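Please read through the structure below; I'll follow up with questions.
In this document, chain identifiers A, B and C correspond to the written order of the chains, with residue numbering beginning at 1 in each.
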Amino acid sequence: MLIVKGAQIWKDRGLKRLDFSVEGGKLSGFSPSLLPGPHDEVLNLSGHYVYPGLIDPHTHVGLLEEETGNFAGDDVNETTSPATPGVRAIDGINPMDAGIRNARNYGVTTVCVMPGSANVIGGEGVVIKTAGKSVDGMVVSSARKIVKMAFGRNITWTWSKKEKYPSTRLAVGAVLREKLNAAKNYMANPERVCTYEMEVLANLLKKEAIARIHVANLEDIETIARIAREFDFDYVLDHATALHTNVEFAKTLKVPVILGPLNVAGKSFQSYDVTFASVKILLEAGLLVSVMSDAPVIPLNLVRLQLFLVDRYRLDRSDILDLFTENPAKTLGIEKQTGSLGIGKDADFIVLDGDIFDYRSRIRSTYINGNAVGGEDYEMDS
Amino acid sequence: MRKKITNVTIHSIVQKPYKGELIIEDGKIAEVGKTCSQTVDEVIDGKGGLCFPGFIDAHSHIGLNAEGYGFEYDDVNEMTNPVTPEVRTEDAFVPTDAALKESALGGVLVHCVLTGSANPVGGLAFIVRHTPSNLTGDKVVQRDVGLKMATGENPKRVYGAKNQMPVTRMGTAAVIRKYLQDGKNYIEKKAKAEKEKKPFFETDLKLEIAEKVLKKIIPVRIHCHRSEDMLTAIRIKEEFGIRMVIEHATEYLKVREEIKKSGVPVILGPFMSCRPKVELKDMTYKTYKGALEDGVLMACMSDHPVFPSQVLRLQAGMAVAYGADEEGMFRALTIMPAQILGIDQDFGSIEKGKQASLCIWDGHPFDARSRVIWNDQDSWTAL
Amino acid sequence: MKWILKNAILHPVTAEAFRGSLLIDKGKIAQINPPERKGTQTFDANGHHLFPGIVEEHCHIGTHGEKTNQTADQDTNEWSEPITPEMQALDGIKIFDFGFRMALANGITTLNIFPGSGSPITGVGVALKNDPSLRFEERILIKESGLKMAFGENPKSVHSKTSKTIQTRMATAALIRKAFQDALNYEKKKDKEYNRRMEILLKVLKGELTAHVHVHRADDIQTIIRIADEFGFKIHLEHATEAHLIPKIIVERQIPVAVGPMFTAKYKIEVNNRSLQTPAILERAGVKDLSLITDHPVIPIWNLPIEASMAVHYGLSEDLALRAITINPAKNLGLDHRIGSLEVGKDADMILLDRELLDPTHRVLYVWTNGNLSYDTEKEGMVL
């Protein structure tokens, strides 16, 4: 058993002076003072701050690798058909990617990795911890199944260049309707021949899986909401760049949103409405809000910058930390396993030498399942 | 909340204009007449203006090519397949298109948004009205109101460039026929499956739409300029027993007898343009006069952005200059398009019980100097 | 107009911070801690932090169209030919571009705008005062602020596709050498017709114009130093991603270095060695002439002070971090007599913040340019 003593720890939405113990990779006890037994290992963290490991619910790390140039490490979009529900992110992830190393060294202990947004149906996403050499061993198995989708101009941008369907937004919804209708036929057909593609979509219609939808503009969010009503499936809005421009509408959707990447210029037609203010507006509207890096769009070694910038809107700091911990955990369905410090949860935590909102404070170490796996100094050494 | 509009000349379309008043309650016309008796919460003084029903642009691509954004917002034509009945304009519509606000300034408050004319079988149209909301959902009047089809030069040009059927007018007709025949077969197969109580029938979304057309639930909205294309369209209509509206109908005057006989409504325009295509060679404003005289159900279109919806009224004014009856042209902007689109129970005239889709003008709408000074949706007013 | 800004914590950058007041007269800082005078308009800073307006030495605001069509309003790279010194960023700027407002709202009051990095020699930059109350031509501080050149992957990837003149780094170097040799030959020629392309290159050769060189890798840095030595012209290094691997060379030659953008992914091979520690390593090696840049839109310009914060997080001194976004870029542009610090006689370009500039959670409250209030965040909102 590992006994961590002396630190200020972030628990139940506040910093508290508590010791805690780790057993079998799980958090096993919290108390103002824990007495170690003769066989216990003791870690003294006086003067340090412990926070739950950060969770990034929308990344492409491992799929769109850094430090490899443009092509060799790019496995993010299977742009050979506008609907590829049969492809799985897990089959393209390189756990040695610098992006994943960055994640653990800078405090991100869990990431959701998904295919890109060039296809209406991109494939299956996966939730992984950020340390390990084999991706299979990194999978967070309690997570709900994920079907990545994309809507709007990213799609038509990709496919109009190829002069292929769907080249306009007229047809983007049609592609999704056609595939979901095929899945309904498949489920109803007593003589069906099993295909992996259709099983993935059947999971969605049976609500075992959730759709994760890349969408930016308000009119495209409306289209998604319409189709989700027609076919009755659960979904999360990813990016949702313009959702804050109609709060009343946002409230009616009753779906989780994952905002970001927010630290970007208005470089494309999908980011005209991008602003950190959207976090404040949608939180105040009562939505379940998380923030994504879309790594490597924003590399995961800069995940804390987003925290600082959200703080400029002077929100409650517990609410800000939730954006990067509990809220994404709830959205991914892993809140019972990780995302906060509590008995029985995975021992995923980060140790800082100061308050997480102080830009001078450094992440001294990152723990995943109770093991020290990284920290800012690890990066220095490499 | 009840509002009264006073001190206006009411152009109800169904009656001769008269000085009067009207009362709006829950967005509907609660009372209209020389004087209105109900008590109200607010009185709007129309300052002697002209109160018209909002004009209806029965054929437009507004919102599919949002103003000032170029190709990135161009979602008019899905030119990758000649048969795309499954695509819907509602999915591509941009409710913040600046043209919608501008059109309201020109008195146009209702638009039927269709796909373009690149494909022999285009896609599903829907109807929107002008509202201040930035949501499509708040603007929808009716969904899936017609299936767009196209004949003539456009499909030929698009697919000819790809060496793909259709490269001739014959090919276009064949593509349309095949789609409708597939639909007929699909209906039969479905009926058979039902009769035999089969546990499973494989639905096809493309053909579900053909079923709606063949069962006359929705009309075909067919783009035709030349006389022969209109006759081909009517031929197909007769063969399959479907409902049809002919769009543009540039050479209407050459086949006016045949069209009148067929009972097909026409949506004429946009004639306020140049003639960049061969099939537009004989375009003339006199067509409106002819159609009015023939008594066919006729509407005047902008085809926005081909011709801006904001000045649809000027095109109607030009028709009057070329001999069309003025009152008839007002009907071509209001009640007749409402009838063609099947929304005349709610729109197209100022009558008790209809939607209060209204504009007050400071002068005659066909006079370019006139302005809309109030409408029922915007908080903006020049009253 | 004279007015007093009182009760602020003044951070002059070139001196220690202190609590005090400033007298502003005719758009300039006229006096520090002036005596109270009756009748002079006074602004109470309520004890907040006053810094000089931030200076961005390298961005593409205005040539890159912000929040607009991806091709119609993109005028950063004239990639039709590899050598285009006659291009002026000034001619590609959209005056009412939203980027200017974004910069102002975040306290950036001077912008040096360069053409892009798509060609070995892309054109001439322009330095602008980001003051919306001035007419556009009046905002120009330096019409020709430097000649932009580029090495490495960008010119290679662009011109292997467009003009088909470059396949390797060797060709980039060769084209640059040829251009300067042409300029020397042009100068010697008698009865010559005026050639703007050659005239601009001659200005560089005569030291009237500095070459600002986009360069990432250490080998590319050494190549441009080699060429500059051959022809004897002055260079500044832009990006200088691997400068921390060869700090000695930079210190010996006293080459100004503009590091950044620091917050992007390692999406090109040539930036694989990017490190947030680069500024700190350079400082420890003795580099004083350090500035930080965002290269907006590569990263949004509001990140400029945050780059300074992160450099401090990784060991850069706070003093140099502040200088790197104010007085140092001002000096590199030859504008340090007018901007970059709170000193008597300088333009009254000032920003008032509720926390210190290096704390990335700060909010900009007010921005003044030339002594006039140009941005009031409470009224106009944050742009972020």
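The rule we apply is simple: a residue touches a chain if its C-beta (ideal position, glycine included) is under 8 Å from a C-beta of that chain, and two chains touch if they have at least 3 such contacts.
Note that the coordinates shown come from a computational prediction; the quantities given were computed from them, not determined experimentally.
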item	value
Central chain of the complex, centres being mean CA coordinates	A
Farthest-lying chain, centroid of Cα atoms versus that of chain A	B
Mean-CA-position distance for chain C and chain B (Å)	54
Interchain centroid distance [CA atoms averaged], chain A/chain B, Å	45
Distance from chain C to chain A - Cα centre to Cα centre, in angstrom	35
Contacts with two or more other chains, residues of chain A listed in rising order	269
For chain C, residues that touch 2 or more chains besides their own	69-70
Contacts with 2+ other chains: residues of chain B	69, 72
Touching residues on chain C, where the partner in the complex is chain A	64, 66-70, 98-99, 102, 263-269, 272, 276-277, 296-301, 303, 306, 309-310, 312-313, 358-363, 381-384
Of all residues in chain B, those that touch chain A in their complex	64, 69, 72-81, 84, 86-96, 115, 123, 133-137, 199-200, 202-205
Contact set on chain A toward chain B in their complex	153, 156-157, 159, 163-174, 177-178, 181, 184-185, 188-191, 217-219, 222-223, 226, 245-246, 249, 269
Residues on chain A engaged by chain C in the complex (per definition of touch)	66-70, 98-99, 263-269, 271-272, 275-277, 295-299, 301-302, 305, 308-309, 311-314, 357, 359-360, 362, 380
